[in-house]
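You will see chain A twice below: alongside chain B first, and alongside chain C after that.
For the complex of A and B:
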C-alpha cells in the first residue's frame, strides 16, 4: 500500500510540473496559434538562471526564484520580438521552426555558459520528507503540488475575470473578430510569450531540486506536456489539470506494474489512443462551452 | 563515468551520411589542400624504422573540444593531457624526445565535423591520436583502420573495444572497460556485502549493454540471478517507481548516467532503502557536483580504475592530483587522469617503437607494461583496455574512501 501511495504522490508531483509546462504551451497557442518547441529549453533556462543566482551570485533562494521568473519573462518577450514578430505573416510551419531554432540556440548558449557538468539547485524547503500512510513524500514534491495549485487558481481567475483573460479568450475563439473589436493582438502575443516563458521557468525551478540540472532537463518534459495539451484538446485549464494527472498516474503507477521498462512511452500511447478516438481531445466539449 | 549525452542513433545516422560524403570527397580534397591525404600519417610517413634513435619531437593529436567550443565540451581531457605533456617535457622529454601536440576540436555530437577534424589531424602526421570521447569515436573506426595511426579512447565505449563492432586493432583505451566495472560491482556485492538478493537499475543506452551483460554473466557464474531489474531513461527526472522496486534487496547495482544514478540513490534513501548501492564511475561526478543527498551517501560504493582519493594513493597519483589542483584550482576527475595517462602511454610507446609506424606503435601498446601513470600501471587486456583494475570507494564520509580493489580475471587472461 505504501508503494502505491508513494507512486501516486510521485505521479501527482509529475502532473503538477506537466501542468505548468502545458499551461505555457496552451497559453501561447491561444494567443498566437503557435506551438512553441522552445518551451522545454526555456524550462531548462529557468533552472540554470536560478542556479546562477543562488549558487554563483549567492542571492537568497526565494528572491532568486522570483528574479528568475522576471528574467525568463523578459527572455520570452525577447523571443517574441526576435523569432515571432518578424514571422507573423509567415506560414505556421515557419513560425514553429523558428521556435525550434530558438530552442537550439538557448540550449547551446546554456551549455557554453554553464558547461555540461550537471548542477544541483537547492530547494527552498530543504531535503526533508513527510510520511503519508507509510510512503515517504519529499517536501519539494509537496511544494511543487502546492505552487502549481496556486498558479492554476490564479490563472483561472485571470482568464475568467480579467480584461486580459477575456481578450485572450476572444482571440482564441476568433482572431479576426477580436482584431475588429479593437483587441491589440500584438500586445497580447508579447505578454503571452513572456508569461509562457515564466511558467516554463517556474516548472524548471520547481523540478530541478528533485534531481539535477542539465541541458536535457526540459526537453522531454515538454514532449510529455505536449501529450497533456493534446489530451486536453489545447483547451481549458481544468482539462489540462485532469490530463496532466492522468498522464502522471499512468506513467508512475501504471508504469510500475505494466510495461515497466516502457513507462515513458505510456503517456504517448494514451495520447495516440485519444487522438484516434477523440481527435479534438478529451475536453473539447468543455472548451466549446467556455469560449 | 560522465558520459556525453548524445543519442547513439543520431550519432550513427549522421556518421553513415558523413562517412559516405567524406569517402566520396576525400580523394579530391586531400590532394588539393596541402598535399597530404588522410593516409599520409600512416606507416613510415614521418617516422623512420631505422635502428638509429629518432630525436624528432613526438607528435600527438588531441581530438576533443574545450569549454566554449560547444555545449558538450568537457574541459577535463585537455587539462589532464596538458599536465602530462608539461610533465614529460620538464623531465627532458621521452628518451630525449620532446612531446608536442595539436588539438583538433572534434565534436562529440557531429560525426561529419569529427571526421573532418580527424583528417586534419592526419595532415599533422601524429604518431597517436587521443579521443574523441563518447560514442562518436565509433565513426572513426574505418579511418583508423585505413590510416593505421594508433588511437587512444579516453572514455570507455564497449562497441569500440577490440573484437567488437567498432573495434580496431589500432585503438586502445586508457581505463578499464564497462564490463570490468560490472564484474567489480558484482564481486563487491557478493564477496563483500554477501548479498543474496541483488537489484539492478540500468540505462538502456547500448554503451551500458556490455556492463549489464557482464553483470548477469558474473552473477550466473556464482549461481545468482538478479532479483529485480529496472531500466531508467537517460533523462529521467523521477525514478520513484524504480527506487521502490528495490525494496527488500540486499544490494543494488546502479549502471546509469550520473544524474539518474544520484537520483536513484537519493530516492532509495528517501524511501528508507538503506542498502549498499554500487555503481561505477557514474557516482564520482555525482558526488563532486553535489547531486547526492547526505542521507544517501553512506549507501554508495563507486568504482574507478583511477584511485585519486584519500591519503593511501600512489606517489604518481598524488603528484598528478597536486599538479592538477595547482593548474586548475579543482580536484581532478578520472577523465583528466585518463587523458593524462593516455599521453604518457602514447609518448612512451612512440619512443619505444622509434617510429610512427602504426603497427610498430600498436605492438608497443599490446606488449608493454607502462608504469608511472596517475592511474597506476597500464597493460593491455585482450580487449585492448589498458587497465583491468577497479578501485572501489565508499562515499560514507562525503569523499571517496577505498574499500576494495578488484582485478578482473577476464582482463588478464
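For the complex of A and C:
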C-alpha cells in the first residue's frame, strides 16, 4: 500500500511538472495558433540557467530562480521575433518546423556552453522527505506540487478575470474577429511567447533536482506534455490539470505494475489512442467547423 | 506573349488541330530521364574520384542509402504535405524485419518481405490518423515512432538483445557475397536507380497535380473530385516503403542494427535533407541527402556545431528559402532565361497581362478552337429521362452547437438552364447552405442531383453526382499551372493513380490527352487564353475567378453552384461574368447563385429564394420577392416600417 501511495505521489509530482509544460504549450497555442517544438528545450535551458546561477555564480536561490524566469522570458520574446514574426503568413507546417529549428539551436548552444556531462541542481528545500500514510514523499516533490498549484490558480485568475485573459480568450475563439475588434495580436503574441518560455523554465527548475540535468531533459518531457495537451484538447486549464494527473498516474502506477518496459511510452500510447478516437480531446465538446 | 505562345494561339485560332506538344502540361514536356542520367554520372564520379579510401566509399554508400529514405520522405512530406515524424520508424521496421528473416530465407527475399511489412504497417497508421491535420499528425506519428522503437528495444526474440541485431545474413548477388564497400556500391546504386525511376514516373503523372492540389487546398481539391485523404495515404505508404528499402539496405550493408541508429536525430536529419533540397521536387531530396551525409565531414573538429547548423537550416530554410536549393536553382534558371529573352518571371507577368480582356467564347467556338467536342450539358440532359429534378434539396438543417445556421431550407431546380438565386442578409446561412448541399458541411436532410444522392460531408460525392461549386474567394492551386488547375477538376478521373503511373503509361497518356483538350476548351470557354503554362499565382483577382470557373466546368457538371462570384470584381469584369453565366445557362447548365449584388441577381435569375436567420422566407420571381414585406424587413430592418 505504501508503495502504491508513493507511486501516486510521484505520479502527481510528475503531473505537476507536465501541467506547467502543457500550460505553456496551450497558452502559446491560444495566443498564436502555434504548437511549439521548442518548449522542451526551453525547459532544459531553464534548468541549465538555474544551475549556472546557483552552482557557478553562487547567487542565492530565490533571486537566482527569479532571474532564470526573467532570462527565459527574454529568450521567449527573442524567439517570437526570430522564428514567429517572419512566418506569420507562412503555412502552419513551416512555423512548426521553425520552432523545431529553434529547439535544435537551443539544445546545441547549451551543449557548447555547459558540455554534455549531466549536472545536478540541488533542491532549494533540501533532501528531506515527509511521511504520508507510510509513503516517503520528498520535499522537492511537495514543492513542485505546491508551486504548480499556485501557478494554476494565478493563471486561472489571469485568464478569466483580467484584460489580457479576455483578449486571449477572444483570440482563441475567433482570431479574425478579435483582430478586427482592435486586439493587438502582435503584442499578445510577444507576451505569450515570453510567458510560455518562463513556464517551461519553471518546470525545468522544479524538475531538475529530482534527477540530473542533461540535454534531453526537456525534449522527452515535452512529448509527454503533448500527450497532456492533446488529452485536454488544447483547451481549459482544468482539462490540462486533469489530463496531467491522468498521464502522471498512468505512467507511474500502470508503468510500474503492468508494463514496466514501456512506462516511458505509455503516455504516447494514450495520446495516439485519443488522436485516433477523439482528436478534439477528452474535455472539449465536438463543434462544427466553418468554411 | 512569347513568340511560342503567340504561335500556339495563332495555330489554335486558325482552327488547326493543335499539336499535342503544345497541349502537354508542363510535367510531361521536359525529358524524363535527364535528371536520372545526371544523378548516375554524379554518383559514379563521387565513387571513383572521391571514394578512393574505404571511409569515403562508406560515405558515398551512405549518401545513396539516405537518398532513398529522403526521397521517400519527400513523397510523404513534400508532395503529400503530411508532417510525419515516422520515417525513421519505417526504416527501422524495414531493417529489422529484413535482418530477422534474412537468416531464414536469404537477404533479398527478406528485403521484399520487410518492405511489405512496413507498407502494411504504414497503411494501418495512415488510415487511423489521416483525418487529423498538420501538428496532430506530426505528434501522432512521433508517438508511434517512439512506441515502435521501444518495442524493438524490448522484443529481444525479434530484434536481438536490447534491440541490437547482429545476426544478419550477408547479402549475395548472383552467388557473390557482398562484403566490401565497392561491391555494395554497385548494388545500392542499382536499387537507387530503380527507386528514382519509380519516383520519376509518379512525378510525371496526373497523381502529382492532384497531390499538390490536395496539399495546398484540401477542401477545393476534394470538391473538384480529388480523393485527398486516399491519395495522401497512398503517398504515405509509398514513401514509407522507400524508407523500409533504405533500412533494409542499411541492415545488409552495416551487418548490424541498433535502435540508436533510428533516433530522433536521424528524423531531424531527414527533415533537414528535405528542407534544404526544397519540398518542390524529388531532386531536392537527392541534394539534401548529400548535404546531411557530407556536412559532418566538412565540419571535422567542429562536430558540436552540427546540430546548431541543422537548427539554423530548419529555421532559415522556412524563413528565407521556402522553396529550398532546388527553388533557387529554378529562380536562377528563370533569371537566365529572362536575360536571354525566352520566358521567365517577367515574361509570365506580361503574358498574364496580355491574356486578360477577352470575351468568353460560346461552347461551339471553344470546341472548334481547341479541336474538342466540348462538354455539352444539354446533350447529357436530353439523354436522361425527364421527371427527376435536376437538383432537389429537402429540409436542410445545419447545426453549430446550439445554433441552427440553416433551419429547414428546401429548393428544387427542375429545368436545365435555370438560374436560381439565393439571397439573404449577412449571416443568414446562405454559404452554410451551399456548403451543406455541396457535401462540405455535415447536414441533416437530403440532397439529390437527378436522383443521385449527395451524402452529408462527402465532398467528392457531390462532384461525382454532377454538382460543381465555386468558393466565396476563388480557391485555385497557386503552385500548379493554370492548365493543371483545370485538370484537377477533370470529369474523367480514371488512370490517375500509382498503378497507372507505373504500369499503364500508354493508356494513361491517352486519357491525359483527352483531358488536356477538355481543360484547354474549358479555359477558352471562360476567356482565359494564353495562360495555360503560367502558375496560377501569377493571375489577377478577376482571372482567378475565371480559372476556378473553368475548373468547375471541366467536371462537366449538371448543376453549378456559385458563391458570390462577382465579389471583388470591377464593373467591366462583373459584366463579362454575367455574360458568361448567361451563356452557360443558355447551353443547358443549371446554376445556383448566391449573391449580394442585387442588380446582378435580378439580371440573371428567373427565380429567387430568400433566406433569413437560416429559414426560407420568400421564393418567387425577382419582382415578387423584392415586394414581399418580410424580405424588406429582413434586409432593411423592421425599423423601416416605422420611418
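Methods note: the second predicted complex is superposed on the first by the 285 of 291 C-alpha atoms of A that agree within 3 Å, B and C clash if a C-alpha of one lies under 4 Å from a C-alpha of the other, contacts with A are read in each partner's own complex, and residues count from 1 in each chain.
Here is the rule we go by: a residue touches a chain if its C-beta (ideal position, glycine included) is under 8 Å from a C-beta of that chain, and two chains touch if they have at least 3 such contacts.
The structure presented is a predicted model; accordingly, all values stated were derived computationally and were not measured.
*Asks:* Figure out whether A:111 sits in contact with chain B (first) or chain C (second), or with both, or with neither.
*Replies:* After superposition on chain A, A:111 lies in contact with both partners, chain B and chain C.
*Asks:* Between chain B and chain C, whom does A:78 touch in the aligned arrangement: first, second, both, or neither?
*Replies:* neither
*Asks:* Going by the contact rule set out at the top, does A:67 touch chain B (first), chain C (second), both, or neither?
*Replies:* Touch partners of A:67: none, neither chain B nor chain C.
*Asks:* Using the touch definition from the top, say if A:125 reaches chain B (first), chain C (second), both or neither.
*Replies:* neither
*Asks:* Quick one: is A:94 in contact with chain B, with chain C, with both, or with neither? Answer first, second, both or neither.
*Replies:* Touch partner of A:94: chain C, not chain B.
*Asks:* Per the contact definition in the header, classify A:170: touching chain B only (first), chain C only (second), both, or neither.
*Replies:* Once the two structures are laid over each other on A, A:170 reaches no partner at all.
*Asks:* Using the superposition on chain A described above, determine whether A:102 touches chain B (first), chain C (second), both, or neither.
*Replies:* second
*Asks:* Look at A:143 in the shared chain and tell me whether it touches chain B only, chain C only, both, or neither; answer first, second, both or neither.
*Replies:* neither
*Asks:* Identify the partner contact of A:185: answer first if only chain B is touched, second if only chain C is, both if each is, neither if none is.
*Replies:* Touch partners of A:185: none, neither chain B nor chain C.
*Asks:* Across the two complexes, find the residues of chain A that touch chain B and also touch chain C.
*Replies:* Overlap of chain B and chain C footprints on chain A: residues 107-109, 111-112, 219, 261, 264.
*Asks:* Which residues, counting only chain B, touch chain A once they are in their complex?
*Replies:* Checking each residue of chain B against chain A gives 2, 4-5, 67-68, 70-75, 204, 230-231, 233-238, 240-241, 244-245, 247, 258-259, 262-263, 270-272, 285-286, 289-291, 293-295.
*Asks:* Once bound in the complex, which stretches of chain C touch chain A?
*Replies:* Listed in rising order, the residues of chain C that touch chain A are 81, 83, 128-129, 131-132, 134-136, 138-140, 142-144, 146-147, 150-151, 154, 219, 264, 268, 271, 275, 304-308, 310-319, 322, 398-401, 431-432, 435, 440-442.
*Asks:* Which residues, counting only chain A, touch chain B once they are in their complex?
*Replies:* Counting only chain A, the residues touching chain B are 3, 6-7, 9-10, 13-14, 107-112, 115-120, 127, 129, 136, 138, 207, 210-212, 214-217, 219-221, 252-253, 255-256, 260-261, 263-264.
*Asks:* Which residues of chain A touch chain C in the complex?
*Replies:* 35, 82-83, 86-87, 90, 92-98, 100-109, 111-112, 219, 223, 226-227, 230, 261-262, 264-265, 268-269, 271-272, 275-276, 279, 285, 287-288, 290-291
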